[in-house]
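Two complexes follow with chain A in common, the first pairing it with chain B and the second with chain C.
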Partner chain A sequence: MATLTVPVEEKKKKKVEQEALITGAEAIAIACKLANVDVVTAYPIRPYDTVMQYISQLKADGEMDCEYIVAEGEHSQFEIVKHASVCGARVFCGSSGVGWMYAMEALTVTPALRVPMVAMVGNRALDDPGAFGVEHNDALAVRDLGWNLVWVDSAQEALDTALIAYRVAEDRRMFVPIALSCDGAFLTHSQSLVKIPTQEQVKEFLPPYNRGDLLLHPDNVISVAPQVNEDWVMEIRRQNFQVTERAVSVIREVYADFERIFGRKYGNPFFEEYMTEDADVVLLGMGTMSTPVRVTIRKLREQGLKVGFVRLRWFRPFAGEELAKTLRRFKAVGVIDRDFSFGSPHLSGVVATEVRSALYPGDGAKPPVLGFICGLGGREVTLPDVEKMAEITLEAGKGKSQPLTQWIGLRG
Partner chain B sequence: MGQLFAVEIIYRGVFQKTLAKGICRGIVLAAHEEGKPGISFGRYGDSPERNGIPAKSFAIVANDEQTLEAGMAQYEPKQVDVAVVLDDTLCKGAESWGWYGLETVNKSVKPGGTLIVISLQDTATLLHAIHAKQQPYKLAVLKGVASFSGMWVYKDDHTDVRVLGAIAKALPELVSLQSIEKFIKDKLKNDLKVTSAHVAYERFSTIEVAPGTGNTEEPFHFDLPGWQALRHGVSVDGVTDRGGAYPDPVTGQLGGFRPGRNDKFKKYTTRTMRPVVNFETCTKCTLCWLNCPDAAFDVTPEGTYDANLVACCGCGICEAVCPVSNCITMVNESAFQDNASQWEAFRKDKAGYAVWLKTVVVPVGERSHGFRYRGQYKEQIPAALEIAKG
Partner chain C sequence: MSTFIDTKPTQDLESFKGVKKVPHEEFYSSGHRTCQGCESAQMMKLLAKAAGPRTIILGSTGCMYVANTSYYSTPWGVPWMHTQLGSSGSAALGAAAAFRAQMRKGTMKDEPINVIAFCGDGGGADMGLGAISATMTHPDYNLLILMYDNESYANTDIQISGTSPYGVNTSFSTPGKVTRIMHHRWKKNVAPLMIAGHPTVKYVGTISTSYALQAMNCVRRALTIGGPTFIHCLNPCPKGWDFDPYIAHELGELAVNTGIWPLYEVIEGRLKLYGKTEQIASGKLKRLPVRDYLLKQGRFAHFTEEDIEYFQGKIDEMWEKWLVPGVIPLLKDLEG
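Moving on, here comes the complex of A and B:
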C-alpha cells in the first residue's frame, strides 16, 4: 500500500500534484480524504472492501477525520449514511454484488429523499453462482430508482470522478445519490500511477455540503418521509423527476469546472469516443473492457478496418439524445454488455436495450444494434473476443443480417 | 510497438502476500524512475488467499503508455520475462483452485526468459522438481530461506530488495540497479537494504536449461465442461467414490479404509511441509484422523494412520494434536520427491523406514509459518540478513 502519511518537511510539496501507485479503490479513498467526508459506513465484501480498508488506514494514521462505522450488514450500512446525510454530513459508502442487493431497501429510499450520497460499487457478479469477478448487474439494479450511475476505467478517472460526484450530488439542483462503479479486480485491485490533486484544488472545486431547508435539525422544523396515499405519490415522483431533467446540464457544468481547476480534460462527460471520426462501425461498452477494445481497434485499423469505440461513462442520466446523434453516424453498433437481462427484448443485455431505445424515436438513421454478452463473472474480455465482435459488427454494417444477441467467449 | 516487460511473482498465499506485492510495486516504481509506465496487480482469483495456497502477483512495464495498454489488455500475462518463486516448494507445481490442474512453475516463462527461485538447494536439485519445458530458459537461485510473514505483520528480512537486485541483473532493460537503489533510498528509506540489493545483484548468475530438462511427469489437467454439459441449478455431484479397504502392499489382503476424494482439487501443492509419521510409535488414538480438516488420513490395514500425500495440504494440525512425542513431524516439503504412501514404504521395509526417518526428521523448536509471538522476527531476521550479506 502506498505510504500516505506526509512528514512535516514535505508539506511544501503539497502545492504540486503528487503521484502515487495506487488501486482504483485506494484512489477513491484518497478522494474521500480530500473531500473531507464526515461519515463513512463500512461492511466488508470483496471487491469493494479495499476502499473501506484504505479509509480506515487513513483515519488511523490521522490523515482523515471522519466517523467510521462498521455496520452489521449492508442494509444498515446504507441506512446509517442516509440518515447522517440528512443531518448534514458528507457521507461515503459502498458495496459489491449481493452485498449491494442486501441494501436494496435502503438504496430504494435514498434517491427519493434527495440524499446526495456517493457510493462506490466494486462491480461483482451476483450470486448465484457466487463469483468474485466483475459483472455490472449489481449497480444496474438501481437504474430506475433515481440513482445516478457512472462507470470509470482507470484509477485516475476513479479519483477524479469521485470528486466530481460529490460536486454533482450536492448541487442543490440535484441532491441525488451517485453510484461510482469500478470493475471488480481489474480496477479495484490493480495499481497504476495516479496524480493526486492538492487539497487547495479540491477546496476550490468542492464547496461545503449545504442541505439548506432540507436539513434535519431542531431549528428547522420539518418531518421527512411521512406516509402518503394515492393523492400524493405522483406529484412527489414528478417533482423528484426534475432532477433527472436537469442532470445532464449540471454534469456538463461540473466537468467544465473540473477541467478549469485540475487541468485534466475529460471532454464529453457522458461518453468517450475512440477512433470514431471515420469509423464505419463502433463497439460500445462500459468500464475496463475499454483496454482490450482499444488495443484490438488499433490492430484492426492497421488492417484497414475502420472500427471505433464509444465508452459510456454515465449510465444515469442516460444521455440518449446525444448518444443517438453520435451513433447515427455509423453503419452498425456492437454493444458489449458485461451484464445480462433475463427475458429482455431480443434477450439482449441492459445497455444494448437502452441504446436501441435511445435510437428508436425520430427520423434519423437507425443502424443495427447488436447485443453481445461478454466478460461475465470476472472472465476477461479477450483480444480475440473483441476481434470477433468487431468482425460481426462490420458484417452487420455491410448489410448482412446478424443475430441480435450473441454470447461471446462461452464454452459450448 | 514499444517494449513490454512482464514479471510474475509466484508465492505462498497469505504468508508471502505483502512480500510479493512489495516486489511488484518496487519494479513499477523503479522503472518509473526511468520514465517507463507500469502497473502492478495480483491474480484476483487467488483471493481470498488461503494460507500457503499458490498465488501470483504481476508487474507490467512498458516504454510508452500505448504499449503498456497492450500489455494490460490481457489481465494476466501469458508470457513473462522473469518469474520469481518465493518458496522453492512451489517448484513442484501449483494447483491454485479446483479444476485448475497442475500449473508448472515455469509455465509462463517465455523462451529465453529467467526463472529465479529462492532456495538453499542448487539448480540441479531444483530441476528434479521443476517440470521440463519444450523451450530453453534460464534458471537462477537466490540463496535463502523462504520468507514467511503473518497476515498483518511483515517480516522485513530484505528478501524484497534482494529479489529486486536479482531482477535488475536478469533483465537490465526493464530496470537498472541504480533505479532500484534510488527506489530503496527514496521510498523504503533504508540504506542497509541498498547493500542487500547490491549483493544480490553482484552474486546473481544463471544456468541455461535446455529443452526437455527437468521433471518429465505429465502435469494433471482438466477439460472444463461447456454450458450444455453442466448439471442444472448450480449444483455439483458430490464425491461418488465412497472409498473402502485397500490392499496391503506385502500380502495383498484388503484392509483399512481409504476414503474417496475430490479429484478435481487435490490440494497437495499447498504444502510447504508434510507430516512424516513414525508408525512404530503410533498409539492409534485417532486424533490426527479426527482433527484433519481435509480427511487426508487413510486408516491403514494395521489400524494406524497414514497421511495421504495426494490429499494433504500441510496444515500441521496433525502434528499439533498427536499426543506421542515425535510420532508425527512436519518436515519441509523440498526434502521429498513424490507423494508415495509412507505407510506402504514402512510396511515393506520397517528397518529401512526407521533409517530414513532419522535422515528426514530433524527435531526443531517450532514449525508453523507466519507470525505467532512478539519478538519472533527479531529472532529470525538476523539469520536471514547473514545470508543476504553473502
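Moving on, here comes the complex of A and C:
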C-alpha cells in the first residue's frame, strides 16, 4: 500500500515551494489535490493505480476534498467522471493497458461531448501476452479521437503537466480531454526530487472550471447529445477539428503562463531538444527512454559522434510543422517507438509513421527516418540498445541505406 | 445506525391523491418520434411529470433515446443527456457525485436535485447490470434508475434481451422449420435481484404505465426516500410485441391480471404488493389465464398448446410455489 512521502504537517507550515522525493504517481496525486479536483473515480490496475492509492490517503487525511468513488470496472469509471464533468465537476481519472481499453466506449465519446477530463495513463503493455511493463499503445489508441496526448519523463514534469493539462483542457477554446502518459513502473513507481508548488501559485494559474451554457443543471434546460445522424455529425466533428487548429497556440500560451507563475521553464512545450545544436543525426522518442538515451548520447559525444535527442511531449496535437522544421536540420532521424503498429507503412511504429508524415509535405530536406521498435512489454531500453540505434542512424546520415524498421533488443 | 452514511435531503414530492390532483404541466411533451401506442414513451411522460422541474435525466441508448431525441427537436422539458447503452448506473452516479461535491464546496447552490437515469431492458438487465448494481451499493447518493422494459432490444429492430419472455419471436429468435422455440430462457427477475443483492437500498419497485397514478407515486416515493433506488416498468411495445396500438393499455393490465407482471414496492426492507397484484395475492382476484395475454400478441402467434401450458405452469409456480409469491423464486418447503 502506498504511503505519502511528503509529510502533511510540514507542508502546512510553510507557504513556499516544498521539495520532496516522490514517484510520478504521487506527483500527479498532489497535482490533483492542488487543482481542487471535485470527483475522482478509481479502479485497480497496475501500474497507474498507485495514484489512486495516494488520492485515497489524501482524502482520508483531509488534505483533499473530493468525491472518491471506486467503480466496478473501467467503463463505469470513465462514464462516471464523464457525466460528473458535464454536471460541472472538475474530474480526475486514469487507467493502464487493457483497463484503458475496457473504458474505450467512454473514451471515444468524451471529445465530441466536450468533456475536459484529465486522465493519467500509466502506460502498460496490452495483455495478453501477460505483462505489466511499459508500452505506449494504450494511450496511443485514442490518438484519432480528439483526445490530447502528452508524455512526460520525470515526476516533476508529471506534476507540472497535470496542472497544465487542467488549464489547457478547461480553456473554452479547447474543452477536450487530455491523457497524461507516464511510463509504467519507470515513471509511475520511481522517485525523484520534485518541487511542489504552493496552493497560491496554483490558484493563480488555474481558474475554476466553468462549463457555461453547456452545464447540465435544472436551471439550464438543454438536451445533450441527441441523435443527429448524417445531418449533423460532420459539423460536430468539424468543431473538434477546429479545436485542433487552436490547440498549439493555446498550449503555448499556457506554458508561458506556467513559467511566469511557477518559474519553471519548459521552453518549447511540444518537444525537448537535447544536444541537437550541432548534431548530425538525432534519435526521437517519448517518455522515460530519455534517460538511457541522454546517457548514451553523452558517451557518444565523448567519442566525437554528434548525436542529439528530440523528446516528443505532446503527441496530440502533433506539432508537425515545427517538428519537421527542426528535423530537416539533421542528416537522419532514428525514431524509437515503444509501441507497435502492425501492418503499418514500412511496418514501423506509430511515432515513426507520424514523423514521416510530418516531413512529407513541402520542399524541404527529407532526411531518412528510421523506425526502431524497442522496449516493449516493460523491457528496458538499454545503453547498448541506444548505442546500436545511434550507430545505425549515423550510418544512414552518411548516406548508407538502412532498413526502415528494425527491432532492437530482441532475444536470439 | 451508521455514522458514515451521509444522505442529503431530497425534494418534498408528495404522492398524488388522485387523477384529478395530477398537475397538467408536462415535462415530456411533443418532439419525439416514438411509435403510436408506445408505452415506454408514456413511461417517460409519467416519469418527468412525477419528478418535476428540479431534475436532470440521463437517458441511455435505446428507443427512448433514438426515437425520443432527434435534433432539432426534443420532448424534454428538463435537462437531459444521453449516456451509453450500459451506463445508466454510472451516469446517475457521476451526476449525483458532481452535484454533491460542488454543493459541499459552495460552488453550486445547495438544493435537492432529482438525478434520474433510465435504461431499457437491454441496457439495464444485460449490458448495464454491473454498473447499476455498483451504483445501488452507494448509500450516500440520491438517485433513481428506471428501467423501461419492452422485453427486447427494440430500437435495433427487436432482438432478445435478458428480460425477453420464454419462446418469444424476435429477429434473433425466429421460429423456423427445425426449431420453433429459439429462445427458451426465462425472463430475468430484475427487481428482486436489486432487492436481494443490495441490502442498503431503500426503494425498489415494479410499475406499469397501465396504472399510471400508482406508477407516478412510486416514482415520487423513490425520489423522496433517499439513496440509490430502482424501478422496473413493463411497457407493451406495439412494434415488438405485434399488436394494434389501440390495445397497448389493455395489454399492460392483462400482464398484471394474469400474474405475469407483479406490482410491488420494497420500502426499507418491507415488501408491499399493490393494486391488482395485491388483490391476486390476497385471493380477492383470480389470475386470468396467460393465454388471454399471450395470444393477443403476434410475437407469440407460433405458440402451441404445449408452449402455453409451459408458460402457465411457470406463472402458477411463481404464485403457488415461491417463498414470496411473485417475487422471490426460492421454493417453499412443502411437507407431505
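Simple rule for what comes next: the second predicted complex is superposed on the first by the 398 of 412 C-alpha atoms of A that agree within 3 Å, B and C clash if a C-alpha of one lies under 4 Å from a C-alpha of the other, contacts with A are read in each partner's own complex, and residues count from 1 in each chain.
The rule is simple: a residue touches a chain if its C-beta (ideal position, glycine included) is under 8 Å from a C-beta of that chain, and two chains touch if they have at least 3 such contacts.
Note that the structure is predicted; figures quoted are calculated from it, not measured.
Considered on the superposed chain A, chain B and chain C are sterically compatible, since they fit side by side.
Residue contacts after overlaying the shared chain place A:G88 against chain C, while chain B stays out of touching range. By the touch criterion stated above, A:G378 is placed in contact with chain B alone, chain C being left untouched.
Between the Cα centres of chain B and chain C, as seen from that of chain A, there is an angle of 90°, stated in steps of 10. Once chain A of one complex is fitted onto chain A of the other, the partner contacts of A:L21 are limited to chain B, with no touch recorded for chain C. Contacts of A:M104 after superposition on the shared chain: neither chain B nor chain C is touched. After overlaying the two complexes on the shared chain, residue contacts for A:I261 are found with neither chain B nor chain C.
When both complexes are overlaid on chain A, the residue A:V295 reaches chain B alone and has no touch with chain C.
By the touch criterion stated above, A:D65 is placed in contact with chain C alone, chain B being left untouched. In the superposed model, A:L410 lies in contact with chain B only, and not with chain C. In the superposition on chain A, A:Q191 contacts chain B only, with no contact to chain C.
Taking chain A as the reference chain, the count of touched residues is higher for C when chain B and chain C are set side by side. Closest approach of chain B to chain C, taken over C-alpha atoms in the A-based superposition, is 22 Å.
Comparing the two complexes, no residue of chain A contacts chain B in one case and chain C in the other. Contacts from chain C toward chain A in the complex involve residues 53-56, 58, 65-66, 69-71, 74, 76-84, 86-87, 89-95, 97-102, 104-105, 107-108, 113, 130-131, 133-134, 138.
Residues of chain A touching chain C in their complex: 36, 38-39, 41, 65-67, 69, 71-73, 75-77, 79-89, 105-106, 109, 208, 216-218, 220-229, 231-232.
Contact residues on chain A toward chain B in their complex (touch as defined above): 3, 21, 46-47, 128-129, 132-133, 184-186, 189-193, 291-292, 294-296, 298, 378, 380, 382-383, 410-412. Residue ranges on chain B touching chain A, taken from their complex, read 25, 28-29, 32, 37-42, 44-45, 47-48, 66, 69-70, 72-75, 187, 224-228, 234.
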